[in-house]
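Naming follows writing order (A, B, C, D and E), and every chain is counted from residue 1.
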Amino acid sequence: MAENLMTSTAIVADDADRIVRRDKRRHLIGTVLRYGVLVLVGLFMLYPLLWLIGASFKPNAEIFANPGFIPDEATIDGYVKGWQTSTPYTFTTFFLNTFSIVIPKIIGTAISCTAVAYGFARFDFPLKKVLFAALIATLLLPNVVTRIPQYLLFRDLGWLDTYLPLWVPSAFAGDAFFVFMLVQFLRAIPRDMEEAARVDGANTFQVLIFIVVPLLMPALISVCLFQFMWTMNDFLGPLIYISSVEKFPVSLALKLSIDTTEAFEWNRILAMSVLSILPALVVFFLAQKYFIEGISTGGVKG
Amino acid sequence: MARLQLRNLQKSYGDFKAVHGINLEVEDGEFMVLVGPSGCAKSTTLRMIAGLERVTGGEIRIGETLVNDKAPGERGIAMVFQNYALYPHMKVRKNLSFGLRLKRRPADEIEEATRDVSNILEIGDYLERLPKQLSGGQAQRVAVGRALIKKPQVFLFDEPLSNLDAKLRASMRVRITDLHKQLKADGMQSTVVYVTHDQTEAMTMGDRICVMKDGHIMQVADPVTLYNRPANAFVAGFIGSPEMNLVDANLKGNVLSIGAQSHALSDQVMARLDQGHSPELILGVRPQHFSIADADTENTFEGRISHVEFMGHEVYLYVHVEGQQMIVVVSATNYDRSKINGDHVRLQPQPAAMHLFDRKSGENISLGHLQ
Amino acid sequence: MARLQLRNLQKSYGDFKAVHGINLEVEDGEFMVLVGPSGCAKSTTLRMIAGLERVTGGEIRIGETLVNDKAPGERGIAMVFQNYALYPHMKVRKNLSFGLRLKRRPADEIEEATRDVSNILEIGDYLERLPKQLSGGQAQRVAVGRALIKKPQVFLFDEPLSNLDAKLRASMRVRITDLHKQLKADGMQSTVVYVTHDQTEAMTMGDRICVMKDGHIMQVADPVTLYNRPANAFVAGFIGSPEMNLVDANLKGNVLSIGAQSHALSDQVMARLDQGHSPELILGVRPQHFSIADADTENTFEGRISHVEFMGHEVYLYVHVEGQQMIVVVSATNYDRSKINGDHVRLQPQPAAMHLFDRKSGENISLGHLQ
Amino acid sequence: ADLRMSWWGGDSRHVATQEALKVCGEKHGHTINAEFTGWDGHLAKVTTQIAGGTEADIMQINWPWLPLFSVNGDGFADLSQFKDQIDLSQWTDDQLAAGSMNGKLNGLPVSTTGRAFMFNKTTFDKAGVPIPTNWDELFASAKALKEKLGPEYYPMNAVRETAVLLISLYATQKTGKDLVDPETMQVAWSEAELAEAIDFYGRMVEEGVVVSQKDTAAEGNLNLFENPKWADGRIAGSYEWDSTYSKFADPLQEGQVLQAVPILKGADAVTEGVYRKPSMVFSISKRSKNPEAAAQILNCLLNEPEGIAALGTSRGLPASKVAAQALVDSGKIEPELASANAIIMAGTGPTVSPLNEHPEIRGTFTDTLEEYAYGQINSTEAAQQIIEEVNKVLAKF
Amino acid sequence: MSGDHRFLGLLYLSPYIIGLLVFTTIPFVASFYLSFTDYNLMSAPIFTGFDNYWQLFTNDRTFRKSLSVTLFYVFITVPLELAFALFIAVILNYKLKFINVFRTAYYVPSILGGSIAIAVMWRYLFADVGVINMGLTAIGLEPVNWFGDPTNALLTITMLRVWQFGSAMVIFLAALQSIDKSLYEAASIDGAGKWATFRHITVPLITPVIFFNLIMQMVHAFQEFNGPYIITQGGPLKSTYFLPLYIYEEAFTRFDMGYASAIAWVLFTIIMILTLIAFWSSRHWVYYAGDKRS
């Protein structure tokens, strides 16, 4: 009897072992598969960046002759010369210029869009539907055709050749995209916490600052991220509104040398492209941890 | 200064009428308990008082001020939510002190208040945790703490203790009433509206109890009155544990018949009866007000035991009488263990504790004119 | 086939050890209740059984299978969550039937099961509502329904009734035990692990009760044993309502002294005492096991009433004895209304119901060798 | 006075022009704010500025833009009014006519450019084939290259614009006329003539002289100078602006030589049909507050030694006689560029109308040609369609 | 919130309302007016009534071709991109080692934006002897003429768009963060596998954001300019000549701003109608946890 029991326990233990091992194996296979797919697709995603970086170290003649990543004879010429530019200014100036557009723009966007989205998502008021429709409508018209009237408007405001046209409209929640995005996120967050804060004596503004903003953080971070990236890349806006070379942002300075009707120095341009992408990459890399640590609105566990 | 008045208060969700014009006055410093079955609109009423739910009709006054259109923060209230609603991104300490910080109280006052409250609620160890790192009961206590810390004019509690264990619940119960009394003694006449579905809480904490059903108020009275003189069958059945036995009965003269069994009412009972009542009644007797009688006793009900629950010092007998179930509580020491499932017993009600209700309206017709 | 075994089960959150290697066997078809104060790791234990929390150490077996690494859905369990965790975007009907639909059961079977469950839980009227349109109690019932509908091998309940009103809670209590019995009768030996902090639930529902404290198991026993023969002061204090009075006492010979008062223990009590116990003890007497004695009775404790709670058919007296508080329950009918706050009373404990615990270890030293 | 000047270009042009503005500004006592960008978007920028009345005083304007901005000649200041400031005698009448709209001198040609044939000498040498001097030799060389070196070798390249210009070249050589007849404002070629030219292009594709449109597209519409096939000599020739010689010569692999040759033609050609035009003009805004000052600066840039020296060849070989002479004298001109330019300047042919490069006309031409190349229509239909559409546009002028 | 003043919401909207009045309305109305004029940018616009629209609908082959390829493009790109972005976002939401690196890597294509590198790259990838075709040949398939064939060229542009799924992905990632973890627990106990959880819990709970991405991707696809502009220039045979390209060329190379405005307003109307349909349908499939209880 006792013997029986022993063996059966042994069998059970054996079983357990096997199951544990099987589960471990499955786990391993799953992990390998996951990483495999991630790396493979990731390479496809990264190919252009890698090529770009590689090419920026190639001498001009090699850039198009050799589609590989690794330069045959690496040179940092592109960076050195590119940084100097053909203007009296170096890229330092252009980067500083870019930041003096990006920073007010991001701050303005974050503040105004959050407030407006909060207004749309949490309040009832007259004309709400009309205003929301107007918001969406501004997204839908191709801006090619509003460019000239807008230019005339800013001309009359005396804002030409300043950075104002580039960021002031954003500071007035001009980027409907972001407002709409935050509205959608906000509507997905339950109101309980806000109600508790109201009872705690917070007015709607305090609720916004202390409750809504923290809960909205992952979305807000993406808004800032997008605004950063898109402003860094924006070429047409500065092209039209900024005439003085000393006020050029990086995006414009980058294309300064590209005259397709003439020969130009590819490696300088590529080198500067790499540098212009760098801030965006770094910012994204740093910001995305907030997506992991993002505050779950799930609240309390049981 | 913190009398709370509800006048013809109404609330509809679309077509669904959740609150049907209720009237309630809570005196300054009074501890009012709202009880009622699930879904009877206790929370809805409380949320309207808090200003979280728009009023469909009627008035809410705190002090003498009409607050219908005031923001929650301006009503001088604090509230404990049924589902906690802790701020998920703040540590417990910040959750507690948020209200005070909004009022820009000095740091040391906040510090002290936080310490006091966390001592009272035994959450001092969790001050640096996030809500998601708390157990259900711990979270609930933090929610209570968040209200206590503010010492408001009117406290609103929505089942604040439902997730605490018995021991803690008992001590919290005493603490909340003590706190209330202390505030009262300090001249800060804090009014309390307390929603619960717990008998014990309702009976022990409330100065008065408001029993609700389907968005109507059934009775408002102090605990003793409510227990001894329920205004209708609903209240009678709702208050008391185990619940009062309510069985259909017919009255002819002084003979009360339940199914095939009949029972002569004593003169004492007959004297209490309203005039002109219908013969179709409901008899109500609390489980504690039966005694188990010998086979030859008169005026008893005979039934069969279907289920026995052992409750420590008491035993609950579930007895089938003429197809209707009654519960009888007997002391464990008196309990004759030979009485088990299937046995027949005779139940003798105490005449003084018999209630009779009109079967249609549910009105209690046996209150007499004593009051 | 659904015996549940926990072997040296452990759980740490970072440095914080929530569960300290517990061992527990729940027999096939058994109804096991976990009780304990808030934060004692009841939920954590349950969540490990469910597979929602990774085990830090030890084993969980369901049937004979080691399930440590199995997905929750593969363990043959169903669970009711403390905070409901209803799917907010699904109507009640879909919430209920989600598990069955995942298993691709035929539509009419799902339809029928939903109807059955919603009848049992009285939620038929809300089938087309979203969770946020439900009251707290309604939501809780849906959560229970979602588990019931699956008829799993092991049911896990995390305080499923804590948000229900007394009446509904009582009927749900009976329904869940009935359901359990019925399943058992049908040969589907459903094992249940039920977390609660409600005395009544624990005592009436559990085949056995497991009392926990700070991640340790204090005692596992059936309700009667637990009530009558608590293994230690913690269990004694935890089980029973109002809680057992536990007062510090010293024993010299057969003379028990509490502060300045002394009390000679009867031989019957002395006979039960373990050998070689320390003189520093805790005396435990349940509130129901006192009687109020006349002034000239011997071997009583004298004290002053500090607070009186009227509880319907019972009255709770809070009595200060030598600076320690005791609660005494007297029947409302026996209660002499002249005894009010400030009055002095003499309390006489029933010798058979006296417990003595070691003050250091908390062990019950008065169990004798009867068992 | 305070002036502004805007232009597009690459690095060397930016450096040179800024320097020139500095010296000229100092010389005449003006300060000139330089506003320059790359090529991309410059048209949109200038357009917006002109629409908003905020354009610079001096503008570098692409020659084909003249009819866009100034149909009636009143889009820019009429430079003939500034005879006192500008020495117009440095340009030929032809050149001035090319810078005029509706008889008003809207822009001063900065340089003259034209399409020239360039061949990769190395490839031809490797195959032992002589560099072609007429169409027949070109066709013959295609066969020879493929035989000697492999089927992926082509002696010529023709996509989009280049294809259009090759067809135009053939038609002009055949008829002696430019696409636009300035008298009637109609297409000068008959349908048959144009169809024949298109067929000529068709034959080039068929016989492997040039890569077909579809195959070029398949390669990803690479610019020729980005194309590895050009870099390693598999495409061994093209028909490009003389001024872009370096752009095409630079990417070639070490040791390969690119050589510009006189314009190819057929036996029955009535003219060389050189496609020659001002590459760009300098214009003065009609809204300029100081047009005289602007004119002084213009003259300095184009005709005065300081400006000439500073600008050098950053905009190709100057059209201004004195400038051209000065640069030749100072030996600043690269020999290859000089020889390519010499071929263009020596070439004969009818005057080229700026309307050739009117976006709608060029667009119609390329689109129709694409349909032809994809076999959707035949050469007659294509010719018919082109003439019809182009006439429609010409009717507006 | 209830109890607050009726106009309080407008206070929060005030920046937007000011911006709308000052910066948006005028250009908007102006472009609408211009669509009824003949405006060559140099001289004042001349009012011509419905001429532009008449011309557009009766007599413009290019418009018809352009409209049809645009619609085709939108209808294949949007679902593809959304599905891809969501799929990757879910994978990248796992707590894996180095996940930061992967997230960044997957976002890279979006950072590159309209940069020249993209044009160059894309040509390398899809060229007749490019990486993709090499891959196809390696697994024994025929190489494809990606840019030369009209249909394929459209697909290639589509792939370029889908490849830049980063911004949609980031938005999905942010949304995934806000899902209550206990719902996943409940689902796992209900026996839901990965797919069922995704299908029945994840997707419904992020419908507000799916909806948002749907609208935005649709709008963006309708306004696609960069891809065809830098890679195919609208060709071959106008197979990638989307309306925005047409509008741009009308406005800035043919200088017919009136006509460009008319096309833009037609495009606007089309997107508007589709957006309205989407909003209307959203009532049936989008779940907002934060909306009022009724």
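The working rule: a residue touches a chain if its C-beta (ideal position, glycine included) is under 8 Å from a C-beta of that chain, and two chains touch if they have at least 3 such contacts.
Keep in mind the model is a prediction, meaning the values are calculated, not measured.
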Chain whose Cα centroid lies nearest the overall Cα centroid: A
Chain separated most widely from chain B, comparing mean CA positions: D
Highest contact count belongs to the pair A-E
Can you give the whole-Å distance between the Cα centres of chain B and chain D? 94
Measuring from the mean C-alpha position of chain B to the mean C-alpha position of chain E, what distance in angstrom results? 57
How many angstrom lie between the CA centroids of chain A and chain C, rounded to a whole number? 53
Indicate the residues of chain B shared as contacts by at least two other chains. 13, 51-52, 71-72, 83, 136
Shared-interface residues of chain E (touching two or more other chains) are 1, 4, 41, 120, 122, 124, 180, 182-183, 205, 252, 289, 293-294
Residues of chain D touching 2+ other chains? 44, 51, 226
Chain E touches which residues of chain A in the complex? 34-35, 37-38, 41-42, 44-49, 51-52, 67, 112, 115-116, 118-128, 131, 134-142, 144-146, 148-150, 153, 168-169, 171-174, 177, 179-181, 184-191, 194-195, 198, 204, 208, 215, 218-219, 221-222, 225-226, 229-230, 233, 235, 258, 269-270, 273, 277, 280-281, 284-285, 288-289, 291-292, 294-299, 301-302
Residue positions on chain B within touch of chain C in the complex are 13, 35-39, 41, 43, 82-83, 133, 135-138, 141, 158-159, 162-170, 197-200, 203-204, 223-224, 227, 237-243, 286, 288-289, 307, 309-313
Residues of chain B touching chain A in their complex? 50-52, 71-73, 77-79, 81, 83-89, 98-99, 102-103, 131-132, 134, 136, 139, 146, 150, 156
Within the complex, chain A is touched by chain E residues 1, 4, 6-13, 15-20, 22-24, 26-28, 30-31, 34-35, 41, 88, 91, 93-96, 99-118, 120-122, 124-125, 131, 163, 167, 170-171, 173-175, 177-183, 205-206, 208-209, 211-212, 215-216, 219, 222-223, 243-244, 247-248, 251-252, 257, 260-261, 264-265, 267-268, 271-272, 275, 288-291
Write out the stretch or stretches of chain E touching chain D in their complex. 41-42, 120, 122-124, 126-130, 145-149, 153, 231-233, 235-238, 249, 252-255
